[in-house]
Structure formats: structure tokens, C-alpha cells
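Have a look at these structures, which come just after this line.
Two complexes, one shared chain (chain A), two partners (chain B, chain C).
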Partner chain A sequence: MSVGTSAKPKYKKRSQIAMIWRRFIKNRMAMIGLILFAIMLIIAVVSPLFINYETDVIQQTISERFMSPSAEHLFGTDQFGRDIFSRVLWGARISMSVGVAVVIISLIIGSILGAVAGFFGGIADNIIMRFMDILLAIPGTMLAITIVAALGGGIQNLLLALSIEQIPKMTRIVRSSVLTLKTQDYIEAARACGTTNARIIYRHIIPNAIGPILVQASLTVARTIISVASMSFIGLGINPPEPEWGAMLSEAKNQLMNYPYLVVAPGVAIILTVTSLTLVGDGLRDALDPKMKN
Partner chain B sequence: MLWRTDDGTTTAQSSPQETQIDVSELEEEHQAFATGGSSAEANIVMQNAINMIGYTTEANGKGADKDTVRFISIIEPTTLEPGGTSSGDDYYRVVATNLYETLVREAPTDRTVLQPMLAEEWEIAPDGLSVDFTIKSGVKFHNGTEMTTEDVAYSLNRAINLATNVDLTGMMDRAEAVDDSHVVLYLKYPYKPVVNILTNPNFAILSKAYVEQCEADGTNLGRNPMGTGAYQFVSWTNGANITMKAFDQWNGGDVAIENLIFVFISDSTTAGIALESGDAQLFYGADSADLPRMIQNPDVNVMSVQSSGFYFLTLNTEDEVLSDERVRKAIQMAINRQEVIDGGQDGLGWIAPVPITPGIIGYPDEFVADPQDVEGAKALLAEAGYSDGLTIQLDCPEYNHYSRPVQVVQEQLRRIGINAELNIMEKGAFDTDLSNRNYQIAYTWIGASYPDADCIVYKLFHSDYANTTGQTNLANVVNDEADRLVEEARQSLDDDEREALYLQLCELNQEHAWYIPILQSTNTVVASAELGGVTGNSGSFYYVSDYTYQPES
Partner chain C sequence: MDMPLLETKGLKKYFKTGRGMLHAVDDVNFKIFKGQTLGVVGESGCGKSTLGRVMIRLLDATEGEVLFEGKNIMDYDKHQMAEMRKELQIIFQDPYASLNPRMSVSEIIAEPLKVCKIATSKSDLEARVFDLMKQVGLAERLVNAFPHELDGGRRQRIGVARALAVEPKFIVCDEPVSALDVSIQAQILNLLMDLQDQLGLTYMFITHDLSVVKHISTEIAVMYLGQCVEKAPSDELFEKPLHPYTQALLSAIPIPSLKHRNMQNVLSGEVTSPIEPKPGCRFAARCPYAKPECTGKNLELKEVSPNHFVSCIKFQ
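What follows is the complex of A and B.
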């Protein structure tokens, strides 16, 4: 049984998605990534059901510092006697939500800018893309550090900094897709029918450009999670006591020689999440590539 | 209370090195490194690159040069100009101690005992209004010129007039060179510990001609320091190191260590490993988390004493929320100092109940701190109208020794319903905000520049220093009673009377909760076991000229 046959296509559009899905599930690595990511996502969503933020995640018990892993504390406790297991699980919420928020912000702004630049060309294209070139010329981490250093830490500024870092990349991808699409016959046809520019972009161009955007989005989430962790690691990210993985790593680093197990849980969490998203992104790219049809 | 002995000092001496290192083998390695590069230039570039990232190689480390000491400091000084930084800046002091000399110095083992340095002897006039210093003759500056009493008077007057020293120089009027060997320091009013103040490296003796020449041609004195110390300045690579070499005409005679290199490694664990592997011989500013491990290591000696200052919370009384004394009292009642020490300092530290460093002159032993009272604090907050909680900004500098303890404070505030948003800031930005009173609560540190309570409480409590940018009354305390107590205590010559006055002041502070002293940390230097003569001291005076390599056994 395959998904393709069970959802026998009535519209061409559905069959295309089904084809993509069929190609995707054939890719074993991509499926492993998807399952891993799904597990992480479920953990992030349901963790409040069995973890209490106030009493499990941030409450300190100074008398229980640096307890080794045990049944009560699966991954042990940290320097303030907080349960690392609860913190790592809760950390998934922070990393995922920041990652997804950055993608949504940069996707919206990047799509609009990229679509405008690609569709209208000329002076609009020049202004938007030269500005994006300026942003791209500054190394991403440096740009983010500068913004956070200027505006101060905290989650809003971090979101802003990481979104600004990602917008130019998103804009370029959307623009290049639009450039190849706008010369297609069906766009000419739509234009001949008197369709407005906004509708052409919204109805014809964006849906057809969605493939590369999706790939870019999934990779951006992965990259953002790394960025958040590295920013927190150097003390410019999310402020304590939030259990951000990078911040946990940074704290654990000071105790590395004494309690090496402290770095394991947050480190593995970052690796798993980022790897799973990268695998999904790669799988999507292969699945969306028409040349890979088999 | 680890490693604390009866006399208040803490040491963890270890047995001499047990494993012998094959020196010849290392020297071969040294040779191999030196000749390995394709050209001398490449070697220099490589060495610079190595220095840049804060690492040294085996070639420069253990067993290689017995005349070089590498001294790691966690924080790089901002300037080496005497008076260019605050009088309590320990990271300036650690470096400057070896470059400059002052008229008198503190004895390495007891801060309250003074030893001659550039002054051979001194005498306080019977009326207490002047001090007559007999200046050592034949002292040479690093540029070869001879130090005169003119230079001494110039340096003292310069220090007296500098804004950064305002907390130290309030009682000083002027200095005058009376003849070729005497300089008199005139005071505005009698002040008992005045000579102790002169041990501060901000009172280092400079060459008048050199400073004036620097001013004339725009040379930055802070980057081109020149004094009379045992070591003379060679170079400063930003973010990496400061190099010095022994001054051959030093008035103190010959020194065993020819080259002194300060290396700046901001990560304590990395720095500790560099020391343990023999890449460096001294390490100042170790993180409390790294100390237990290093104490176990027979190759290094950890020397910890009580530091000259204490960490405290300052509550900005000009702030809308914190102007309410009930809120401040509630915060004070929420704090459990032992928990902060255990959680934030790995148990290494002492409770500081009053805003005076324990152990210095004027410390009120009889003071009784109010115990932690979570329920009482909640009740007070409710009374002040914050029964639904309160959000407040809590600032601290970016270093671990601030940001870790402050997280315990944050948690303790959470327990009484205050959501303290932590702002971990770059040190410069933090200092600016504090100086502009642009903060609500800040966790910071103050040190006793000399071992007398006056040097701390006067600047924290006197209304002259309140509400002024750059001034030191951080909480903006404006209180007549506090003014009267610090003024009376400053001018009294009777230690018992002064202690009684300071006791009243500390009680007043607890009553109004302006400053909440938290803990006194350790002042720690870690030395390679090969290096002899190193002693811990709370004033952060580490004179490398006193040290020698232990003979190989």
C-alpha cells in the first residue's frame, strides 16, 4: 500500500503533494529525521503536562547541587540543584519556539521582499537586493551579536537579531524562484486575463515557489536553534533562569572538569534537534526536486 | 569555610613535585619547535597567533626558561596609568604592582603593617596635619633618570587632583618637596590611616618630566607606562599579553625572574589547565569551580585569603518602586547569604552582613544581621501594594563570579513574589549604568583600597557622593544621620569609638535597606609549585621580584 494509491488523486495539486510525500518516505534518513523531530516537537508541546515550570525547572535547591544521575534525577542536578532532565525537556520549548518564530518572521518579510524584487524587477529589485547584499556582507553571528549588544539581551531582541540575519537569505531564495516563474506561460495567461499583480503573486507565484522556501525554512529552524544556543553560550541570548540549551551548556562548561556529565544532556538535545531538522530539510529538497523523480 | 585557618588566611600547600620532568627532552622539543618553521618570520607570526588565542606552547612553558614567569589574569586592565582607573581595580593592581612603586607598601602577610618602599621612613606631625617622608636616594626611573623629591611631590599632587581618586584623597591637601630628601604631605584634617592610602597603586611615583612630555606630544601614558618598579614595560598586545623585563638599575637590587609576561585568558578553566600543564606559573582570578581540582594537584599551590572587599546588592532609592522602604526591606529579608555562597561560589566565601569588609579596622563585630524571613517579606510587599507580585530589573556584570551568585539572589526574590529580570551586562556598560544611576537593583563589588572601614563607607553613604554621575553613593543615600556618622568616624582618632559609630551606621543601613551586603569572596592566586616565595594577600599585591624558581632537586 502506498500513500499515492490510497489517496487517489482527484486534483492534480493533491497528486503532486502525494508524489512528493512518496518520494520523501522512500528516503530513509529523511524519515529518521522526521520521526526524531516529531518526538522533539511532541516533547516540547506536552512537557507542561508533567513538568511544572515553577517547581521543577527554575526552583533551586541548594542542598541538592551536582547530584549524579539517579531514578529521581535522570540526568542529575545542576549547580543550583535543579533537575537537568526537566530543564532539558523544557528547553525544547524555548529552542523550538524561537526557531519557528524566526522562520515565520523571516519567511513573511523575506517572501514579500523577494516576491516584490523578483516580480517587478528594475528599481525595486535594485533597492531591495542591494540592501540585502549589505546585510549579507556582514557575517551573521557578528550581526546578531552587534544587535543584541546594542539593544540588550532577552528574547525579543534575540528574535529580532536572528530574524534580521535570516531575512536576506529568504529574500534571495524567493526572488530567484520568482524570477524563473514569472516568465512561464501561465503567468502570461493570467496577466492577459487582467489578473492584478498582487493576485498573480499570491495565487500563482508563491504556491509554485513553495518548494525551495520549505526546504530553506526547515534548514533555517535548524540553523536558528544553533544560533540561539551559541548566543546564549556566550551570554548574549536568553537570560537565566530560562533553561535554554546553550545557556545550560555554558553553565556546565565551568564545571566540566568536575562534573562532565552536565554537558551531555543539553549537548545531545541540540545535536538531535539540529540533525533531525537538517535530515528533514535534505529529504524535502530531494523530494521536491523534479529531476529526482523515479 | 574550606581551608580557612585560625589567622584568617587560607592556604593549601602541597608537597613538592613528585614526578620529575626530563628537562633535556623538553629542550629538544624546544629546539625542534624553534627550527621547525621555514623562516624566522613564520615563527613570529605563529607565536603571535598563539598568543592571540591565549595559549602558549611547551617551548615557552615548563622546563624551558627558568628566568621567565607567565602570569595569567582573567581580566585585562583597561589602562596602566596610575589613577586611570578606580582605586579598587584589582586587575590593574596585579599588573601595576610590578611596574610602579609607591612610597610605602603593605606587608605581604598583614595588610595593616606598612613597609618602606620609596620612602625610607615617615613621621606624622603631632597635630596630625602633615606627614614627613624621607625619600630613598639613588632611585632610577626605567628611562635611566634619577628620581627626585620633585617627582614624588608631583606624583602625589597629581594623584590628589585626579577625579578617580576622589574617594581616597578627601583629607589630603597638597604635597611639597622641602629639600633633596624630604617630601611633606599636608592634610586638611587629621586622618589616622592616611599613610595606608599611599600603598594604593594609584599613588605610584611617576617621572614628572616623562608625564609632561607624554602630555605634550599626546603619548598615552596608560599604554606606555614608566615607573621605578622592578620590571619595565616592553609591549602590550591587546587582548593577549603585556610583556615586561627586569629593570637592571632597580633600587631593590637583582631579581631572579628576568622576564614577566602577563597573559589574559578570560576562561578560568582554560587558564587553570594552562597553569597545570606548566604553560604559566601564576594565575590570578581563578573561578571557585576550578579551585577544588587545583588543590588536589601537587604541581600547583592554591593560595587563598579573604578578599579586600565584598559583593553586595545596591538598591537605587531614586527609583520609583525602590523608593518605598518596605520593598527594600522585603528584598533584604528575602536574602539567605549562605545559600548564595553555596550555590554561587561553590561554598568558597564568607557571609558579609555589613557593608564593611570583615577583618579591617572599624569592622563592627557585634553587629547582628536580621535572619531570612520569607513570610515577613511577602507581608511587607503586600503592605506596599504588591501582593500580586512585582517585576524588577536586576543588573550584574558578565563575569561568572557575579552572574552565578546573582542567580541565587534572583531565585530568592522569586520566592517572595518578585520577578527579577536578570540583565547580565558587559562590564563597561554596567559601570556606566551604575554611574548614571540607570538601574534598579545591581549586584556589584567594592574593595577596601586600604584596610580601614572609612574607605568604603564614606563613599557609599555620604550624601556628597549621591545623585551625581560618576560618584560612588550608588544607592543615592541622603540621610543626615548617615552623614554625621561617617564624618565623625572619619575624624575620630580612637578605634573603639570609630567601631561604635560604624556599628550604628550598619544598623541604620539594615533599618533602611539601602545596601544589602552578601558575601566576601576569596582573593586567590594559584602558583606553580616550582615558584617559591609566593604568598596570598588580600590586597592583590603580587611582587614577582620577590619570587624565585625552586632549585631542581
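What follows is the complex of A and C.
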């Protein structure tokens, strides 16, 4: 802003998103995380262009078992002679889509439940939160295992199980931010000029609550990817021959002593994805704070 | 005499707590006339802020009436109340918490104009925002600033502009200067008084700072534990305080003089609990003149001289 200009200052909308972005790109670790995650995402999206699912990912070629990393097979081949490089790349599609799907489901349901509980309070709050407490009382992995065991395997039941695990966490975050915001004076000022509940939620609550929710969402993707991998590792997640990272680790564990390179690629893929998302989440937390300097 | 702009009759606001009903405001009656300022003083937790919020119906009263221009706004339905909101506004104590950190100055001031559909077009909205900023002494260049980029005084000016946006007749000032530096306090007080002269506003000025209230009020009400214990024109209250609590409050005003040493009339003890208070004078437990008759029976506010009301057994 220039001081002392004679022209009338322009009445313009300063975009919050642009300001948040400016703060975000100044955070080196967050940018590393974002670039890493973007690469993962691009790989997940474009891998079908140069990898053939039938011939590269699931076709077994017994003559090429346990080949060490080479120019032809960057990460070597597994016990069925499948190219690990292709499988890891394809695995990004599965992990990303499950992670994102779980976040979307738990975000929608958790936000609605949390907002209702926090904003209206009273009986609604009690019913919703006691139900969430019941879900939270059961260890997350246990809950997921129980649901999958009861309903059977498959990607749909896995999505359901992991979403149910995440919904209570999301609900609590949304509720607590709504609760603190609700008693702010600016909400009362809005009421004093007759602002409707809908407008208060849309103009005041959502813009201020979005920060912690976005942070939680990015961390939830990371957690979900780990959950999918661990569920697959114990055989309750994505079934073979799908190249899920956790399932690949599980298959490789028997050969760990003889062919240790089998675990490197899927293991590193999980670590990179989760780390990148955690860095993005931390960066978002700082960038979304309106009191941070530009 | 004219009809008061605002009048409360037997106004009560109780809150339910685990240990019983908390009597935040208990049977408060007063009249505020157009263009005047009623100062409300009392220590923390005596129900001043609750009273302010009930007056403009941000909270519903447990019992009693608030008459605005003769009509009880507690009976108004949603639509009538929506119209009423334009007449009654509030300025908050904390200029940090009272402004949405995600909205710019212009958005904050424009919000009530949009909500109450006062501005007819985009250019009208813009012109009104600049007018309001000028009115409260905010430089035009700050139009796109965010609250956290401004100091406390400027922030409080935004709060004033937001309250003025809907062209209200009555404004509750809930300790509007107690979070500010002393030098800034005077600026905001002068702004409020100038606006009162220009726009014919009526204030209810809530504060715990007696020197501030003397400066701005036409009439002062002293509150103790939800009740009004004394009410008098500003000058008279400072010259002739009758209630022991008022006397104690006034003697606690610091006097900047080396010779002045004796702090007479210092109150001992704590404020008694506002939850389910016993009948009788609520100040009796701390009152240096308390007698056995003080407890057991509720006291009335009694007019001891013209416009000077006090609720104390000495004057019943």
C-alpha cells in the first residue's frame, strides 16, 4: 500500500488464497513436500500412458523371477517375475485414490456432523459427540479390521472401514473450531445486525475454520495411506495381484533375507508420500494463519 | 416528559448453572432518553455486559420488558426483530476479537450494509463504506487492510464504523476503550461524543473505569451483582454518592498527588456468589455500615432527591 497518494485508493478485494499461497511458497520444507506430492500425483495420473496393467503389472513371468535391479528393471523383479518399478508406480494410483476418497468421505460427513454439533449445541451436540466417543473408544486399526472381517474384503469395504475410522477425528476438529469461533465477538456483531445463521456459517465460520480442517485433511490422507498399507500387509486390504504398496511389502517379507531390494521401492514410496503430505500439512497450518506476516 | 427512547421494566436474565440459577441481571429498571448517555459501572462479573446484550436482544431476557420507543422488543417475532436490528447496535470491548480476521476493512464495514440491504448498488456500497471510514476517522488508504495490520485504536474505529453502518439510534458501548492505551482511549471517547452530537445517538456506556464514565455520561447507574444500587445524574453521583458501594468505588479512583496517601473506605472481602443470592441487600456482606435489617428483605430503588435513586436501608 502506498502512503500519501492523492488518488482515491482502489476498493478491491484482496484475495485470501493469493495471500495464503504467497506465505506457503516461502516455506521451503512445505514446498519440497508439495513438489514431492505433485510428482506422486502426476505419476498416479499418467502411469497408464506408459504402463500396461495387464502385461507390466500383473502378468507373471516365471523365467524372470528375482532379477536384481538393472536398466531394464529399475527396481528388479519380484517372486513372480513382475517389474517392481511398474508395480510401484501403479501402486501410487491405488494409495492416492483410496487416501483421497477417504478424506472426501470423512470430510463431508465429519464437517456436517461437527458443524451441527458445535453450532447448535445442546441435544444434537450430545447425541453426535457421544456416538463419536463410542467410535473413538475402539482403536482405529481394530475398528477397521473388525469391519473388513465382518463385511468381507474388497476396496469398497476398505473405504468404508477407513472412513469410519477417520470421521470421528474430523468431527471433533470441526466441532472444536466451530465452538471457539461461535463465541467470538465478530459473530455476535454479525447477529447484532440480523445476519442469518446460514450467512454467519458461510461468511464467518467456514473461512475461519477452514485452516485446521485443511491441515487435518492433508494429514488424514497420509494416515490413510499408512492404514491401507498396513491393512494390505495383514491381508485385509487390497487383494493380490493388485500392486498395493503394503501388499507388496507383505509379499516381499518372506524373501527379505535373500532379496532385500524387494522392500526398498514400496517402502520408500510409502515414506515419501506420507512425508510429503505431512510437510504440506505443516506448511498449510502456518500459511493459513491470518496473523502471519506476508 | 417525553417518552424515553429505551426503557427497561423488571429486566431479569438468569443463567442455568450446575449449582443453581445465576442471577446475572436481576430486576433492572431505567429509562434512557434520546441523545443521552447512560453510564453503567460496576466490577467484573456484576452483569453489565449481560445487561447490554439483553438490551439489544442478543440474549433473550428471562423476565421483564425492554421498551424501544414504547414497544416491547422482547415480544417481537423474527421479522420485526430483523427490522429492529437496524436501530440497536453494539461496540465491543476487544477490538482484536470483534473483527473477523479473514475480512478486510471494507468487507467488515460493508457486511451490515449487505445484510440489512441498505446499499442499493455496488457503487452505492462503495461510497457508503468510504463515508463511514471518513466519519470514524479512518484513512482511505486502509480500505483493503486486514485487522491484524492495524493498531488497537484503528481497529476500534472499524468496530464503530460497523455499528454506524446501519444508522442505529441506540448503541451499547461495551467497555469500548478498556482494551486501549490511555492516549487512544481519549481519541475514541472524543469520536463517540462527536458522533453523538452529529447523529443524535443514544448510548449505553458500560465500563469499570469511573474516570471514563464521568467524561461521557449524562446519567450513571452503579451495578452490584446484577442489581442497580444507585442511579443519578453524572455530576450529582460524583459529588454526593449515597450508596456505600458507590462511595467505595469513588474513593478508589487514584488521585495523582504525592500528598494524597490515605486510601479511605477500602472494601474488604470478595463479591458474594451471584448464584441463587439470598434476599436482602447483596452488598451487605462487604458493607461497613451493614446492620441485621439489611438481610432478609429485598430493597427498592428509592428516589431520595430528584432523579437520584438509591437502594440502601439507610434511605428506605
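Here is the rule we go by: the second predicted complex is superposed on the first by the 251 of 294 C-alpha atoms of A that agree within 3 Å, B and C clash if a C-alpha of one lies under 4 Å from a C-alpha of the other, contacts with A are read in each partner's own complex, and residues count from 1 in each chain.
The criterion applied here is as follows: contacts are C-beta pairs under 8 Å (C-beta built on N, C-alpha and C of every residue); 3 or more make two chains touch, one makes a residue touch a chain.
Bear in mind that the values here come from a model prediction, so they are computed numbers and not experimental data.
Student: Tell me which of chain B and chain C touches more residues of chain A.
Tutor: C
Student: Identify the partner contact of A:184: answer first if only chain B is touched, second if only chain C is, both if each is, neither if none is.
Tutor: Only chain C; A:184 stays clear of chain B.
Student: Where does A:16 make contact in the superposed view: on chain B (first), on chain C (second), on both, or on neither?
Tutor: second
Student: After lining up the shared chain so the two structures overlap, which partner does A:253 touch, if you call chain B first and chain C second: first, second, both or neither?
Tutor: A:253 sits against chain B, while chain C stays out of touch.
Student: Using the superposition on chain A described above, determine whether A:194 touches chain B (first), chain C (second), both, or neither.
Tutor: Second partner only, chain C.
Student: Give one of first, second, both or neither to describe whether A:207 is in contact with chain B, with chain C, with both, or with none.
Tutor: second
Student: Which partner does A:176 reach: the first (chain B), the second (chain C), both, or neither?
Tutor: neither
Student: Which parts of chain A are in contact with chain B and also with chain C?
Tutor: none
Student: What does chain B use to touch chain A in their complex?
Tutor: 268-269, 272, 287, 289-290, 292-293, 339, 342-343, 346, 398, 400, 403-404, 407-408, 410-411, 414, 421-426
Student: Any idea which chain A residues touch chain B in the complex?
Tutor: Its residues touching chain B are 58-60, 62, 65, 79-81, 149, 152-154, 235, 239-241, 253-258.
Student: What part of chain C is in contact with chain A in the complex they form?
Tutor: The contact residues of chain C facing chain A are 53, 56, 58, 81-82, 85-86, 88-90, 92-94, 97-104, 106-107, 111-112, 115-116, 126, 129-130, 140-146, 148, 159, 162-163, 165-166.
Student: Within the complex, which stretch of chain A touches chain C?
Tutor: Interface residues on chain A, with respect to chain C: 1-3, 5, 8-14, 16, 184-186, 188-195, 199, 203-204, 207-208, 290-291.
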